[in-house]
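Input: a single structure, listed below in structure tokens.
As written, the chains take the letters A, B, C and D, and residue 1 is the first residue of each chain.
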Amino acid sequence: MAKSSFEYVKTFELDDTLLPNSWIVVRLDGKCFHKFADDHNFKKPNDIRALRLMNYSAYSVLKEFNELLLAYGQSDEYSFIFKKDCNLYKRRAAKLLTIVNSKFTSSYVFYWRKFFGDEELKYPPTFDGRLVLYPSQENLIDYLKWRQADVHINNLYNTTFWALVLKGNLTPSQAEKRLSGTLSADKNEILFKEFGENYNNEPEIFKRGTLLTRKCIIDEESKKSVKIIADVHDDMLKNNFWKDFSVHLMKPK
Amino acid sequence: MAKSSFEYVKTFELDDTLLPNSWIVVRLDGKCFHKFADDHNFKKPNDIRALRLMNYSAYSVLKEFNELLLAYGQSDEYSFIFKKDCNLYKRRAAKLLTIVNSKFTSSYVFYWRKFFGDEELKYPPTFDGRLVLYPSQENLIDYLKWRQADVHINNLYNTTFWALVLKGNLTPSQAEKRLSGTLSADKNEILFKEFGENYNNEPEIFKRGTLLTRKCIIDEESKKSVKIIADVHDDMLKNNFWKDFSVHLMKPK
Amino acid sequence: MAKSSFEYVKTFELDDTLLPNSWIVVRLDGKCFHKFADDHNFKKPNDIRALRLMNYSAYSVLKEFNELLLAYGQSDEYSFIFKKDCNLYKRRAAKLLTIVNSKFTSSYVFYWRKFFGDEELKYPPTFDGRLVLYPSQENLIDYLKWRQADVHINNLYNTTFWALVLKGNLTPSQAEKRLSGTLSADKNEILFKEFGENYNNEPEIFKRGTLLTRKCIIDEESKKSVKIIADVHDDMLKNNFWKDFSVHLMKPK
Amino acid sequence: MAKSSFEYVKTFELDDTLLPNSWIVVRLDGKCFHKFADDHNFKKPNDIRALRLMNYSAYSVLKEFNELLLAYGQSDEYSFIFKKDCNLYKRRAAKLLTIVNSKFTSSYVFYWRKFFGDEELKYPPTFDGRLVLYPSQENLIDYLKWRQADVHINNLYNTTFWALVLKGNLTPSQAEKRLSGTLSADKNEILFKEFGENYNNEPEIFKRGTLLTRKCIIDEESKKSVKIIADVHDDMLKNNFWKDFSVHLMKPK
């Protein structure tokens, strides 16, 4: 079996090593998740079961790959950040992209029942992924701020939209028209005046998304230091957050 | 919420469009599947349940993405071939790589029970992926021959190895020693003389792997042409195979 | 001198090996050559000295790198085609791009006087370069047709434009206006009716550009086969040309 | 002339935009310059005419492209550093690589006579190029230190080697043998004891190479600030150098 006469095809696989000393971000997005959410009766505007399943799947990725520093998720997307000196798989792009993508996806299906109980998973979902490099800590922080600003904008819109539809009895297209051209302040006012809702009182996980980070805590009993993965729903747009937090970026572990 | 001041970070995501007019191969591999197979009591040297789950997951990928021409799998790996004029996601590498990777992975978990029944899935598995371009049909065919030659070599080895261990009562390291330096003919002889097994009679799916292709067949009742995905376990190393088959490569549908 | 403590910076140089089995095209373009042409009194619409210098510089590149199959030039641009199995510098993109770029540029300056005589070179010119892969011979031929169609369109326009300006006494902007929206037939007619010029009689080198190819000829005296580089000004848009010629693409030497 | 039917070949030219916010280094190397040096009677171990021509060519590149921050050269190589926020040609790699490569090469030929006088240039030289990104200032400084450490090692070796050959009457291979396994201290001693040469007294340009930087100086007469390009032969391996200098890296002009 002249395997060797075909082996030349291996040389067509080109080297995709990533630039050293830069942060590696892998972002996953649910494919066709509008339909997926409808097919699985996701609550509007936010389904806490779905968010917790996303978070738990991300947690399972972080637990597996130590070179991952943190992860940030919202809605049907999740970003994973590798340490800037990460050398896992010699920084080969396709490897890093697919192991995160695959582990997240399989966890999503595997743990579905844990969060959705009797709501059965009807078909296997798909997440796509992309990989981006950030050369400086400032760029990386701006990336996370960008994703969190996105949560805010989308969630305020969705919260108001679904209040108009579910409580205000508008049709979706009427609600869309009503919100067209409105600013944040307008939406806050609609929520408050028409539905008695204070957007500020919405759960932090809806307004801010979820940041998963590694922490060391002292175990009460054993008095020993234990590494854990913690979920945080803080305001990352405030610079104060990063003053306290940036140590995590620089000195992982 | 000054989303726009962070949005510059989007420009760090570089264009990864693939060269046009060339075959796109995505190959997935089970990560740590030696351990995964042990943890889930896979039969040695081949577990038909596992192979069928692999095939069914690949089938579910082909059903979802029409631009996929065919797929070829063996053991814990599967290769997916996009048509050379594929324009799905504008040929962006990361998108093509991850949607195949993710859909395959989620199908593997989702359909586990269908093939493994009471053998429970203990944890979410991971598949890594890579993407390779082939500019000519000859290169692509050589790629598939390369993977099939690999099946032959590995399966003959494994079949003999496990015969020595399971029926010959050798320890794994004794079996390894025994096989060291042996040629195909030697292994065939060991199987035949010592265990009365004719390797040629082994199931084709073990010896050749599985090729999934799209076919048009005539439905008996309706007399209409129907598109199906068929599984084939032929000898792709024979050039005759490609004479009949290459039309599939050139005129996908 | 602890050289080794800095040597890690070498790892930042990433592998840029090109896909095997595909044609490598390097195209050079004169940078700011409008100004360069004016500064050096290039004749309008074509300066035969400049074209010959371009051709001679390209010839000097072909003479140096045997893996170059052919080259095609027009105006201030030149395309160089490496054999599809070229393995020079292990197909590293930056190397192939820069050696062609540098050798061409240095030849252009070095041989200037040979073609321009007393017209002195006033400053060092710059050529930029790009590199493109073509997976099939059809794509490569279409590339060359594309560049030659470009010569035709530009040269017919320029020939008519400069006839209107130099012989018809129009200002450049009047000539531009006059030609706006005209078809090829219109320009041919202007040339013929107003200036008695038959565009077909223009020199082939102006109308078709120059293709440099390798040929074997029989030396009259020694009766031995000799390899030469020949310049051709044929119509590459006719398929007949490629019937005779394509042997050059497939069996270089 | 159906230009449009061939124009699809343009899509094969892939986007090669470089990662933003990182230093772009283009390094050029003389191709076969051992032979080139012999063919043009370069003095051993250093030919000041050749070094000055290299420096002047690099100067002519810096003068043309404002986004170039500095350049560092030694022997037959030169590195050019673009500002990290450089947006010239939208950071397209091939463009940046080739314009530097081409302008340098053409300047080398154009200004040859200015430095070599009657020593005629016999044929057009070739420089190859490569492009590397550095995400941090520390990496960039280490890159420059790496190149300067290289000068030191090579120049001390060459100075001793040629002393042994030219003054010590050893053959090249005897000199090579003599130096095999020697440390810096040994070479310094050979120079001093056998040839009365103190390596420290060698010209700085030989020992340190040349750094070209942009400076603002006050014109004596006009009292106005003028931007110039200055050449420096300092010890870049000392951290003090970078304390004073790094402002140049951060606040380009």
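In the analysis below, a residue touches a chain if its C-beta (ideal position, glycine included) is under 8 Å from a C-beta of that chain, and two chains touch if they have at least 3 such contacts.
Given the structure is predicted, the values throughout are model-derived calculations rather than measurements.
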Output for shared partners of subunit C and subunit D reads A, B
Equivalent interface to C-D (more than half of contact pairs same by residue no.) among A-B, B-C or B-D is A-B
More contacting C-beta pairs: A-C or A-B? The answer is A-B
When centres are defined as mean Cα positions, the distance from subunit A to subunit D in whole Å is 46
So, in whole Å, the Cα centroid of subunit A is separated from that of subunit C by 51
For the pair subunit A and subunit B, the C-alpha centroid-to-centroid distance in angstrom is 30
The positions of subunit A in contact with two or more other chains are 12, 14, 19-21, 133, 139
Note: in the complex, subunit D contacts subunit C through residues 1-3, 6-10, 12-14, 28, 31, 60, 64, 94-95, 97-99, 101-103, 105-111, 121, 123-134, 139, 142-143, 145-146, 149-150, 152-153, 184, 237
Residue positions on subunit A within touch of subunit C in the complex are 11-12, 14-15, 17, 19-21
Given the complex, residues on subunit A that touch subunit D span 19-22, 133, 135-136, 139
